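As C-alpha coordinates, here come the structures.
You will see chain A twice below: alongside chain B first, and alongside chain C after that.
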Partner chain A sequence: MGALKLCFVVQRPPYKSENPRLALTHSISSQTAEIHLEDGETVVPTLIFVGDGVLNATKNQQAMKLYGVTSTESHIKNGLLIDMPIWVCKEDMERLGLKEDQMIADAEDMGADLKTKFVSFAEIQKEIEACPHLLFF
Partner chain B sequence: MKLAVFLSDLRRTEDTYDRLKADKLGVILVENGVYHAVLKEGGKDSPILSKAGANFYVLSDDLETRGFTAAQVNSKVKVVSYGDIVDLIMNDYEKTAWL
Partner chain C sequence: MGVFTMGVFPSLVGSGTLDFSFKLAEAALAKGHTVNMWLSGNAVMMAKKGQRAFKDYSHLEKKMMELVGKGMAITVCEACAEARGYHKEDTPEGMKRASMDWYLAKTFKSDRVLHIGGE
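Now for the complex of A and B:
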(Lines of atoms letter the chains of each structure in order from A and count residues from 1; the text may use other names and numbers.)
(Lines give C-alpha, C1' and ligand atoms only; values in the text may rest on other atoms or scores of the structure.)
Protein backbone atom coordinates (compact mmCIF):
# COMPACT_ATOMS: atom_id res chain seq x y z
CA MET A 1 0.00 0.00 0.00
CA GLY A 2 1.27 3.48 -0.73
CA ALA A 3 2.57 5.75 -3.45
CA LEU A 4 4.95 4.59 -6.15
CA LYS A 5 7.01 7.64 -7.13
CA LEU A 6 8.31 8.00 -10.69
CA CYS A 7 10.61 10.79 -11.87
CA PHE A 8 10.67 11.54 -15.58
CA VAL A 9 13.77 13.65 -16.28
CA VAL A 10 13.93 15.39 -19.66
CA GLN A 11 17.37 16.60 -20.71
CA ARG A 12 17.01 17.06 -24.49
CA PRO A 13 15.41 19.90 -26.45
CA PRO A 14 11.98 19.35 -28.06
CA TYR A 15 10.80 18.38 -31.56
CA LYS A 16 14.00 17.21 -33.28
CA SER A 17 13.57 13.78 -31.74
CA GLU A 18 10.56 12.00 -30.26
CA ASN A 19 12.48 11.39 -27.05
CA PRO A 20 11.26 14.35 -24.94
CA ARG A 21 7.71 13.90 -26.18
CA LEU A 22 7.78 10.30 -25.00
CA ALA A 23 8.65 11.50 -21.51
CA LEU A 24 5.59 13.75 -21.57
CA THR A 25 3.15 11.17 -22.89
CA HIS A 26 4.54 8.39 -20.68
CA SER A 27 4.41 10.52 -17.54
CA ILE A 28 0.84 11.62 -18.27
CA SER A 29 -0.26 8.05 -18.89
CA SER A 30 1.79 6.48 -16.09
CA GLN A 31 -1.09 6.61 -13.64
CA THR A 32 -2.89 4.00 -15.74
CA ALA A 33 -0.32 1.51 -14.40
CA GLU A 34 -2.36 1.51 -11.19
CA ILE A 35 -4.56 -1.23 -12.66
CA HIS A 36 -1.56 -3.55 -12.26
CA LEU A 37 -0.94 -2.58 -8.63
CA GLU A 38 -2.53 -3.70 -5.40
CA ASP A 39 -5.63 -1.91 -4.15
CA GLY A 40 -4.71 1.39 -2.52
CA GLU A 41 -1.38 1.71 -4.28
CA THR A 42 -0.93 4.75 -6.48
CA VAL A 43 1.53 6.01 -9.08
CA VAL A 44 2.86 9.52 -8.46
CA PRO A 45 4.85 10.89 -11.41
CA THR A 46 6.96 14.06 -11.43
CA LEU A 47 8.12 15.57 -14.69
CA ILE A 48 11.45 17.39 -14.47
CA PHE A 49 13.21 19.48 -17.11
CA VAL A 50 16.97 19.93 -16.83
CA GLY A 51 19.81 20.93 -19.13
CA ASP A 52 18.70 21.67 -22.69
CA GLY A 53 15.43 19.96 -21.72
CA VAL A 54 14.20 23.24 -20.21
CA LEU A 55 13.61 24.38 -23.81
CA ASN A 56 10.58 22.07 -23.83
CA ALA A 57 8.87 24.41 -21.38
CA THR A 58 8.91 27.64 -23.41
CA LYS A 59 5.46 29.12 -23.92
CA ASN A 60 3.65 30.25 -27.09
CA GLN A 61 4.76 27.20 -29.10
CA GLN A 62 3.06 27.19 -32.51
CA ALA A 63 3.53 23.53 -33.52
CA MET A 64 -0.17 22.90 -34.16
CA LYS A 65 -0.63 26.06 -36.19
CA LEU A 66 2.46 25.57 -38.35
CA TYR A 67 2.93 21.81 -38.60
CA GLY A 68 -0.37 20.35 -37.41
CA VAL A 69 1.17 18.46 -34.51
CA THR A 70 0.40 18.80 -30.82
CA SER A 71 2.91 21.07 -29.17
CA THR A 72 5.14 20.14 -26.30
CA GLU A 73 3.47 23.06 -24.52
CA SER A 74 0.05 21.39 -24.78
CA HIS A 75 1.44 18.16 -23.30
CA ILE A 76 2.97 20.05 -20.38
CA LYS A 77 -0.31 21.85 -19.76
CA ASN A 78 -2.14 18.51 -19.85
CA GLY A 79 0.31 17.35 -17.20
CA LEU A 80 -0.59 20.30 -14.99
CA LEU A 81 -4.27 19.62 -15.65
CA ILE A 82 -3.98 16.12 -14.15
CA ASP A 83 -2.07 17.60 -11.17
CA MET A 84 1.27 16.14 -12.16
CA PRO A 85 4.11 18.15 -10.62
CA ILE A 86 6.24 19.81 -13.31
CA TRP A 87 9.62 21.18 -12.34
CA VAL A 88 12.01 23.26 -14.42
CA CYS A 89 15.65 23.82 -13.44
CA LYS A 90 16.31 27.50 -12.75
CA GLU A 91 20.08 27.31 -13.25
CA ASP A 92 19.66 25.82 -16.72
CA MET A 93 17.12 28.51 -17.63
CA GLU A 94 19.58 31.18 -16.56
CA ARG A 95 22.43 29.50 -18.45
CA LEU A 96 20.38 29.60 -21.65
CA GLY A 97 19.20 33.17 -21.02
CA LEU A 98 15.57 32.19 -20.45
CA LYS A 99 13.38 34.14 -18.03
CA GLU A 100 10.33 32.84 -16.17
CA ASP A 101 7.99 35.01 -18.27
CA GLN A 102 9.13 33.04 -21.35
CA MET A 103 8.17 29.75 -19.76
CA ILE A 104 4.93 27.80 -19.25
CA ALA A 105 3.99 28.86 -15.72
CA ASP A 106 0.50 27.37 -15.53
CA ALA A 107 -2.41 25.96 -17.51
CA GLU A 108 -5.13 28.24 -16.21
CA ASP A 109 -6.56 28.48 -19.74
CA MET A 110 -7.30 24.73 -19.50
CA GLY A 111 -8.63 24.93 -15.94
CA ALA A 112 -5.58 23.54 -14.16
CA ASP A 113 -4.86 24.57 -10.57
CA LEU A 114 -1.30 23.31 -10.39
CA LYS A 115 1.54 25.60 -11.51
CA THR A 116 4.99 24.88 -12.86
CA LYS A 117 7.75 25.01 -10.25
CA PHE A 118 11.00 26.71 -11.16
CA VAL A 119 13.51 25.11 -8.84
CA SER A 120 17.23 24.82 -8.23
CA PHE A 121 19.08 21.69 -9.26
CA ALA A 122 19.69 21.03 -5.55
CA GLU A 123 15.93 20.59 -5.11
CA ILE A 124 15.80 18.38 -8.19
CA GLN A 125 18.63 16.31 -6.76
CA LYS A 126 16.62 15.78 -3.56
CA GLU A 127 13.58 14.70 -5.55
CA ILE A 128 15.68 12.29 -7.61
CA GLU A 129 17.14 10.82 -4.42
CA ALA A 130 13.65 10.39 -2.97
CA CYS A 131 12.34 8.74 -6.10
CA PRO A 132 12.86 4.95 -6.42
CA HIS A 133 12.22 4.92 -10.15
CA LEU A 134 14.09 7.30 -12.49
CA LEU A 135 13.49 7.59 -16.21
CA PHE A 136 15.83 9.80 -18.24
CA PHE A 137 14.85 11.10 -21.66
CA MET B 1 32.17 27.77 -54.08
CA LYS B 2 28.90 29.25 -52.94
CA LEU B 3 27.65 26.98 -50.17
CA ALA B 4 24.47 26.97 -48.11
CA VAL B 5 24.75 24.94 -44.91
CA PHE B 6 21.73 23.76 -42.95
CA LEU B 7 22.25 23.43 -39.20
CA SER B 8 19.51 21.54 -37.36
CA ASP B 9 20.92 20.83 -33.89
CA LEU B 10 21.62 22.84 -30.76
CA ARG B 11 24.64 20.74 -29.79
CA ARG B 12 27.31 19.60 -32.22
CA THR B 13 29.70 16.74 -31.91
CA GLU B 14 31.75 17.44 -35.03
CA ASP B 15 33.98 20.30 -36.04
CA THR B 16 33.18 20.22 -39.74
CA TYR B 17 31.34 23.50 -39.47
CA ASP B 18 34.35 25.26 -37.94
CA ARG B 19 36.63 24.09 -40.76
CA LEU B 20 34.27 24.76 -43.66
CA LYS B 21 35.38 27.45 -46.07
CA ALA B 22 33.53 28.93 -49.01
CA ASP B 23 33.71 32.05 -51.14
CA LYS B 24 30.16 32.66 -50.09
CA LEU B 25 28.72 30.83 -47.11
CA GLY B 26 25.11 30.85 -46.00
CA VAL B 27 24.13 29.23 -42.71
CA ILE B 28 20.47 28.30 -42.53
CA LEU B 29 19.27 27.50 -39.01
CA VAL B 30 16.38 25.04 -38.99
CA GLU B 31 14.75 22.61 -36.52
CA ASN B 32 16.69 22.78 -33.22
CA GLY B 33 19.35 24.84 -34.98
CA VAL B 34 17.06 27.83 -34.50
CA TYR B 35 18.15 28.03 -30.86
CA HIS B 36 21.48 29.43 -32.06
CA ALA B 37 19.58 32.49 -33.27
CA VAL B 38 17.80 33.27 -30.00
CA LEU B 39 19.66 31.84 -27.01
CA LYS B 40 22.47 33.62 -25.23
CA GLU B 41 24.07 30.80 -23.34
CA GLY B 42 26.15 32.19 -20.51
CA GLY B 43 25.14 35.66 -21.74
CA LYS B 44 26.97 35.16 -25.05
CA ASP B 45 25.89 34.68 -28.65
CA SER B 46 26.12 31.16 -30.00
CA PRO B 47 29.63 30.42 -31.34
CA ILE B 48 27.89 29.36 -34.55
CA LEU B 49 27.26 33.04 -35.24
CA SER B 50 30.96 33.89 -35.05
CA LYS B 51 31.74 32.30 -38.41
CA ALA B 52 33.51 35.07 -40.32
CA GLY B 53 31.95 36.25 -43.55
CA ALA B 54 28.90 33.99 -43.33
CA ASN B 55 25.31 35.05 -43.86
CA PHE B 56 22.93 33.65 -41.26
CA TYR B 57 19.28 32.77 -41.75
CA VAL B 58 16.66 31.22 -39.47
CA LEU B 59 13.44 29.53 -40.54
CA SER B 60 10.48 31.39 -39.04
CA ASP B 61 8.20 28.34 -38.80
CA ASP B 62 10.72 26.35 -36.74
CA LEU B 63 11.37 29.40 -34.57
CA GLU B 64 7.69 29.97 -33.80
CA THR B 65 7.06 26.25 -33.27
CA ARG B 66 9.49 26.45 -30.36
CA GLY B 67 7.86 29.51 -28.80
CA PHE B 68 10.16 32.25 -30.08
CA THR B 69 9.43 35.23 -32.30
CA ALA B 70 11.36 37.23 -34.88
CA ALA B 71 11.77 40.02 -32.31
CA GLN B 72 13.99 37.74 -30.21
CA VAL B 73 16.35 36.82 -33.04
CA ASN B 74 19.99 37.92 -32.94
CA SER B 75 20.65 40.92 -35.17
CA LYS B 76 23.20 38.89 -37.16
CA VAL B 77 20.46 36.54 -38.33
CA LYS B 78 17.79 37.13 -40.95
CA VAL B 79 14.39 35.50 -40.43
CA VAL B 80 13.23 33.66 -43.56
CA SER B 81 10.29 31.57 -44.74
CA TYR B 82 10.34 28.25 -46.60
CA GLY B 83 9.88 30.22 -49.83
CA ASP B 84 12.84 32.42 -49.02
CA ILE B 85 15.01 29.35 -48.46
CA VAL B 86 14.03 27.98 -51.85
CA ASP B 87 15.01 31.32 -53.40
CA LEU B 88 18.35 31.28 -51.58
CA ILE B 89 19.13 27.76 -52.82
CA MET B 90 18.09 28.52 -56.38
CA ASN B 91 19.54 32.02 -56.72
CA ASP B 92 22.34 32.60 -54.22
CA TYR B 93 24.15 29.31 -53.64
CA GLU B 94 25.57 26.58 -55.89
CA LYS B 95 25.61 23.77 -53.34
CA THR B 96 23.84 22.84 -50.13
CA ALA B 97 24.99 20.72 -47.21
CA TRP B 98 23.26 19.47 -44.07
CA LEU B 99 25.40 19.28 -40.94
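Now for the complex of A and C:
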Protein backbone atom coordinates (compact mmCIF):
# COMPACT_ATOMS: atom_id res chain seq x y z
CA MET A 1 0.00 0.00 0.00
CA GLY A 2 1.06 3.59 -0.48
CA ALA A 3 2.81 5.81 -2.94
CA LEU A 4 6.32 5.39 -4.25
CA LYS A 5 8.18 8.55 -5.28
CA LEU A 6 10.27 8.33 -8.43
CA CYS A 7 12.62 11.04 -9.69
CA PHE A 8 13.21 11.19 -13.43
CA VAL A 9 16.36 13.23 -13.92
CA VAL A 10 16.95 14.46 -17.47
CA GLN A 11 20.47 15.65 -18.21
CA ARG A 12 20.64 15.31 -21.99
CA PRO A 13 19.57 17.97 -24.49
CA PRO A 14 16.45 17.53 -26.64
CA TYR A 15 16.36 16.04 -30.16
CA LYS A 16 20.01 14.87 -30.05
CA SER A 17 18.90 11.52 -28.66
CA GLU A 18 15.73 9.73 -27.65
CA ASN A 19 16.51 9.91 -23.92
CA PRO A 20 14.60 13.05 -22.84
CA ARG A 21 11.51 11.94 -24.76
CA LEU A 22 11.67 8.51 -23.11
CA ALA A 23 11.92 10.22 -19.72
CA LEU A 24 8.74 12.11 -20.52
CA THR A 25 6.79 9.17 -21.91
CA HIS A 26 7.87 6.87 -19.08
CA SER A 27 7.04 9.41 -16.36
CA ILE A 28 3.65 10.18 -17.91
CA SER A 29 2.90 6.44 -17.99
CA SER A 30 2.72 6.60 -14.18
CA GLN A 31 -0.91 7.50 -14.82
CA THR A 32 -1.68 3.91 -15.80
CA ALA A 33 0.90 2.00 -13.71
CA GLU A 34 -1.86 1.17 -11.24
CA ILE A 35 -3.26 -1.48 -13.60
CA HIS A 36 -0.20 -3.57 -12.69
CA LEU A 37 -0.39 -2.80 -8.95
CA GLU A 38 -2.56 -3.71 -5.97
CA ASP A 39 -5.34 -1.41 -4.73
CA GLY A 40 -3.94 1.68 -3.04
CA GLU A 41 -0.49 1.36 -4.59
CA THR A 42 0.74 4.11 -6.85
CA VAL A 43 3.92 5.64 -8.28
CA VAL A 44 4.39 9.41 -8.09
CA PRO A 45 6.99 10.84 -10.46
CA THR A 46 8.83 14.17 -10.38
CA LEU A 47 10.48 15.18 -13.62
CA ILE A 48 13.69 17.17 -13.13
CA PHE A 49 15.75 18.89 -15.81
CA VAL A 50 19.40 19.54 -15.01
CA GLY A 51 22.57 20.27 -16.97
CA ASP A 52 22.01 20.49 -20.73
CA GLY A 53 18.66 18.83 -20.00
CA VAL A 54 17.18 22.25 -19.13
CA LEU A 55 17.14 22.96 -22.88
CA ASN A 56 14.21 20.52 -23.10
CA ALA A 57 12.08 23.06 -21.27
CA THR A 58 12.52 26.00 -23.66
CA LYS A 59 9.29 27.25 -25.22
CA ASN A 60 8.19 27.72 -28.85
CA GLN A 61 9.74 24.47 -30.05
CA GLN A 62 9.12 23.74 -33.74
CA ALA A 63 9.62 19.97 -33.78
CA MET A 64 6.51 19.21 -35.83
CA LYS A 65 7.43 21.82 -38.44
CA LEU A 66 11.09 20.81 -38.69
CA TYR A 67 11.12 17.09 -37.94
CA GLY A 68 7.49 16.05 -38.25
CA VAL A 69 7.38 14.80 -34.66
CA THR A 70 5.64 15.95 -31.50
CA SER A 71 7.73 18.38 -29.50
CA THR A 72 9.30 17.88 -26.11
CA GLU A 73 7.37 21.03 -25.23
CA SER A 74 4.04 19.29 -25.85
CA HIS A 75 5.14 16.36 -23.69
CA ILE A 76 6.17 18.68 -20.86
CA LYS A 77 2.79 20.42 -21.08
CA ASN A 78 1.07 17.03 -20.96
CA GLY A 79 3.08 16.32 -17.83
CA LEU A 80 1.79 19.52 -16.21
CA LEU A 81 -1.73 18.65 -17.34
CA ILE A 82 -1.61 15.40 -15.36
CA ASP A 83 -0.23 17.31 -12.34
CA MET A 84 3.24 15.84 -12.57
CA PRO A 85 5.75 18.14 -10.86
CA ILE A 86 8.26 19.49 -13.37
CA TRP A 87 11.38 21.13 -12.01
CA VAL A 88 14.10 22.99 -13.91
CA CYS A 89 17.51 23.80 -12.43
CA LYS A 90 18.02 27.58 -12.16
CA GLU A 91 21.83 27.44 -12.11
CA ASP A 92 21.91 25.47 -15.35
CA MET A 93 19.48 27.91 -16.98
CA GLU A 94 21.78 30.74 -15.95
CA ARG A 95 24.83 28.89 -17.32
CA LEU A 96 23.07 28.58 -20.69
CA GLY A 97 21.82 32.18 -20.66
CA LEU A 98 18.16 31.14 -20.35
CA LYS A 99 15.61 33.37 -18.61
CA GLU A 100 12.32 32.15 -17.13
CA ASP A 101 10.34 33.94 -19.86
CA GLN A 102 12.07 31.73 -22.45
CA MET A 103 10.95 28.56 -20.66
CA ILE A 104 7.75 26.50 -20.52
CA ALA A 105 6.28 27.96 -17.36
CA ASP A 106 2.80 26.45 -17.57
CA ALA A 107 0.29 24.68 -19.79
CA GLU A 108 -2.63 27.05 -19.27
CA ASP A 109 -3.49 26.75 -22.98
CA MET A 110 -4.21 23.07 -22.33
CA GLY A 111 -6.09 23.69 -19.09
CA ALA A 112 -3.35 22.65 -16.65
CA ASP A 113 -3.26 24.17 -13.18
CA LEU A 114 0.25 23.07 -12.25
CA LYS A 115 3.19 25.29 -13.20
CA THR A 116 6.84 24.50 -13.84
CA LYS A 117 9.10 25.14 -10.85
CA PHE A 118 12.43 26.84 -11.46
CA VAL A 119 14.52 25.77 -8.51
CA SER A 120 18.06 25.76 -7.21
CA PHE A 121 20.15 22.62 -7.40
CA ALA A 122 20.09 22.48 -3.60
CA GLU A 123 16.29 21.98 -3.76
CA ILE A 124 16.71 19.36 -6.47
CA GLN A 125 19.21 17.51 -4.34
CA LYS A 126 16.74 17.44 -1.43
CA GLU A 127 14.05 15.98 -3.72
CA ILE A 128 16.50 13.40 -5.09
CA GLU A 129 17.43 12.38 -1.55
CA ALA A 130 13.74 11.85 -0.76
CA CYS A 131 13.26 9.47 -3.70
CA PRO A 132 13.96 5.79 -3.18
CA HIS A 133 14.60 5.26 -6.89
CA LEU A 134 16.26 7.63 -9.37
CA LEU A 135 16.02 7.25 -13.12
CA PHE A 136 18.67 9.19 -15.07
CA PHE A 137 18.00 9.97 -18.70
CA MET B 1 16.83 -12.21 -1.21
CA GLY B 2 15.69 -9.06 -2.95
CA VAL B 3 13.90 -7.87 -6.02
CA PHE B 4 16.11 -6.10 -8.55
CA THR B 5 14.60 -4.23 -11.50
CA MET B 6 16.70 -2.96 -14.37
CA GLY B 7 15.57 -0.45 -16.98
CA VAL B 8 17.84 -1.01 -19.95
CA PHE B 9 17.97 1.46 -22.86
CA PRO B 10 21.28 1.19 -24.81
CA SER B 11 21.49 -0.16 -28.35
CA LEU B 12 22.19 -3.80 -29.13
CA VAL B 13 25.28 -4.23 -31.30
CA GLY B 14 27.81 -1.48 -30.78
CA SER B 15 27.25 -0.70 -27.15
CA GLY B 16 29.06 -2.67 -24.45
CA THR B 17 26.53 -1.29 -21.97
CA LEU B 18 23.97 -3.90 -22.91
CA ASP B 19 26.56 -6.64 -22.38
CA PHE B 20 27.24 -5.18 -18.92
CA SER B 21 23.51 -5.18 -18.14
CA PHE B 22 23.25 -8.90 -18.83
CA LYS B 23 26.38 -9.70 -16.82
CA LEU B 24 24.94 -7.80 -13.87
CA ALA B 25 21.56 -9.53 -14.22
CA GLU B 26 23.30 -12.90 -14.31
CA ALA B 27 25.28 -12.08 -11.16
CA ALA B 28 22.09 -10.98 -9.35
CA LEU B 29 20.26 -14.17 -10.36
CA ALA B 30 23.24 -16.26 -9.22
CA LYS B 31 22.94 -14.65 -5.80
CA GLY B 32 19.30 -15.68 -5.63
CA HIS B 33 17.67 -12.32 -6.32
CA THR B 34 14.53 -11.89 -8.41
CA VAL B 35 15.45 -9.93 -11.53
CA ASN B 36 13.12 -7.92 -13.78
CA MET B 37 14.42 -6.34 -16.96
CA TRP B 38 12.64 -3.63 -18.92
CA LEU B 39 13.99 -3.17 -22.46
CA SER B 40 13.16 0.21 -23.94
CA GLY B 41 14.46 2.65 -26.56
CA ASN B 42 17.11 1.09 -28.80
CA ALA B 43 17.48 -1.83 -26.37
CA VAL B 44 14.20 -3.36 -27.55
CA MET B 45 16.06 -4.92 -30.49
CA MET B 46 17.82 -7.14 -27.95
CA ALA B 47 14.66 -9.20 -27.61
CA LYS B 48 14.05 -9.90 -31.27
CA LYS B 49 14.08 -13.37 -32.79
CA GLY B 50 16.44 -14.37 -35.56
CA GLN B 51 19.65 -12.65 -34.56
CA ARG B 52 22.73 -14.04 -36.24
CA ALA B 53 25.96 -14.42 -34.30
CA PHE B 54 29.18 -13.06 -35.76
CA LYS B 55 32.48 -13.28 -33.96
CA ASP B 56 33.13 -9.61 -34.66
CA TYR B 57 30.01 -8.47 -32.84
CA SER B 58 28.64 -8.91 -29.38
CA HIS B 59 25.92 -11.58 -29.40
CA LEU B 60 23.69 -11.77 -26.36
CA GLU B 61 20.65 -13.72 -27.51
CA LYS B 62 21.91 -17.03 -26.13
CA LYS B 63 22.75 -15.45 -22.77
CA MET B 64 19.38 -13.70 -22.67
CA MET B 65 17.48 -16.96 -23.26
CA GLU B 66 19.59 -18.69 -20.62
CA LEU B 67 18.68 -16.00 -18.07
CA VAL B 68 15.00 -16.17 -19.00
CA GLY B 69 15.25 -19.93 -18.39
CA LYS B 70 16.58 -19.13 -14.93
CA GLY B 71 13.57 -16.98 -14.14
CA MET B 72 14.51 -13.47 -15.21
CA ALA B 73 11.42 -11.57 -16.40
CA ILE B 74 12.07 -9.56 -19.55
CA THR B 75 9.48 -7.15 -20.89
CA VAL B 76 9.89 -5.10 -24.04
CA CYS B 77 8.47 -1.60 -24.56
CA GLU B 78 5.74 -2.18 -27.11
CA ALA B 79 5.73 1.32 -28.60
CA CYS B 80 9.55 1.42 -28.94
CA ALA B 81 9.41 -1.99 -30.66
CA GLU B 82 6.62 -1.13 -33.09
CA ALA B 83 8.40 2.14 -34.00
CA ARG B 84 11.37 0.00 -35.07
CA GLY B 85 9.36 -2.48 -37.15
CA TYR B 86 9.67 -5.16 -34.49
CA HIS B 87 6.29 -6.82 -34.14
CA LYS B 88 4.67 -9.19 -31.68
CA GLU B 89 5.48 -12.29 -33.76
CA ASP B 90 9.20 -11.39 -33.55
CA THR B 91 9.19 -11.65 -29.75
CA PRO B 92 10.98 -14.74 -28.40
CA GLU B 93 9.16 -17.29 -26.20
CA GLY B 94 8.97 -16.34 -22.56
CA MET B 95 9.13 -12.60 -23.05
CA LYS B 96 6.37 -10.06 -22.79
CA ARG B 97 5.60 -6.78 -24.51
CA ALA B 98 3.93 -4.04 -22.51
CA SER B 99 3.53 -0.30 -22.23
CA MET B 100 5.88 1.80 -20.11
CA ASP B 101 3.67 1.57 -17.04
CA TRP B 102 4.93 -2.04 -16.54
CA TYR B 103 8.37 -0.68 -15.68
CA LEU B 104 7.05 1.94 -13.30
CA ALA B 105 4.85 -0.60 -11.57
CA LYS B 106 7.81 -2.97 -11.13
CA THR B 107 9.76 -0.24 -9.33
CA PHE B 108 7.05 -0.21 -6.68
CA LYS B 109 8.00 -3.57 -5.20
CA SER B 110 11.70 -3.54 -6.03
CA ASP B 111 14.41 -3.32 -3.41
CA ARG B 112 16.77 -1.83 -5.98
CA VAL B 113 16.17 -0.20 -9.38
CA LEU B 114 19.05 0.34 -11.75
CA HIS B 115 18.26 2.49 -14.73
CA ILE B 116 20.83 2.03 -17.49
CA GLY B 117 20.19 4.83 -19.95
CA GLY B 118 20.71 4.95 -23.69
CA GLU B 119 23.47 6.64 -25.64
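Everything below uses one rule, namely that the second predicted complex is superposed on the first by the 137 of 137 C-alpha atoms of A that agree within 3 Å, B and C clash if a C-alpha of one lies under 4 Å from a C-alpha of the other, contacts with A are read in each partner's own complex, and residues count from 1 in each chain.
By our rule, a contact is a pair of C-beta atoms (placed from the backbone, for glycine too) under 8 Å apart; a residue touches a chain by one contact, two chains touch by 3 or more.
Note that the structure is a prediction, hence the values are computed from the model and not measured.
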{"item": "Partner chain in contact with A:A63 - chain B first, chain C second, else both or neither", "value": "first"}
{"item": "Partner chain in contact with A:R95 - chain B first, chain C second, else both or neither", "value": "first"}
{"item": "Touching partner for A:H133 - first (chain B), second (chain C), both, neither", "value": "second"}
{"item": "Contacts of A:Y15 with chain B and chain C, given as first, second, both or neither", "value": "first"}
{"item": "Contacts of A:D52 with chain B and chain C, given as first, second, both or neither", "value": "first"}
{"item": "Contacts of A:E73 with chain B and chain C, given as first, second, both or neither", "value": "first"}
{"item": "Set of chain A residues, in rising order, touched by both chain B and chain C", "value": "none"}
{"item": "Interface residues, chain C side, partner chain A - complex", "value": "7, 9, 40-42, 79-80, 99-108, 110, 113, 115, 117-119"}
{"item": "Parts of chain A lying in touch with chain C, wherever the complex brings them together", "value": "4, 6, 17-19, 22, 25-26, 29-37, 41, 43, 45, 133-137"}
{"item": "Chain B - residues contacting chain A, complex", "value": "8-11, 31-32, 35, 39-43, 61, 64-69"}
{"item": "Chain B partner contacts - residues on chain A that touch it in the complex", "value": "13-16, 52, 55, 58-63, 65-67, 71, 73, 95-98, 102"}
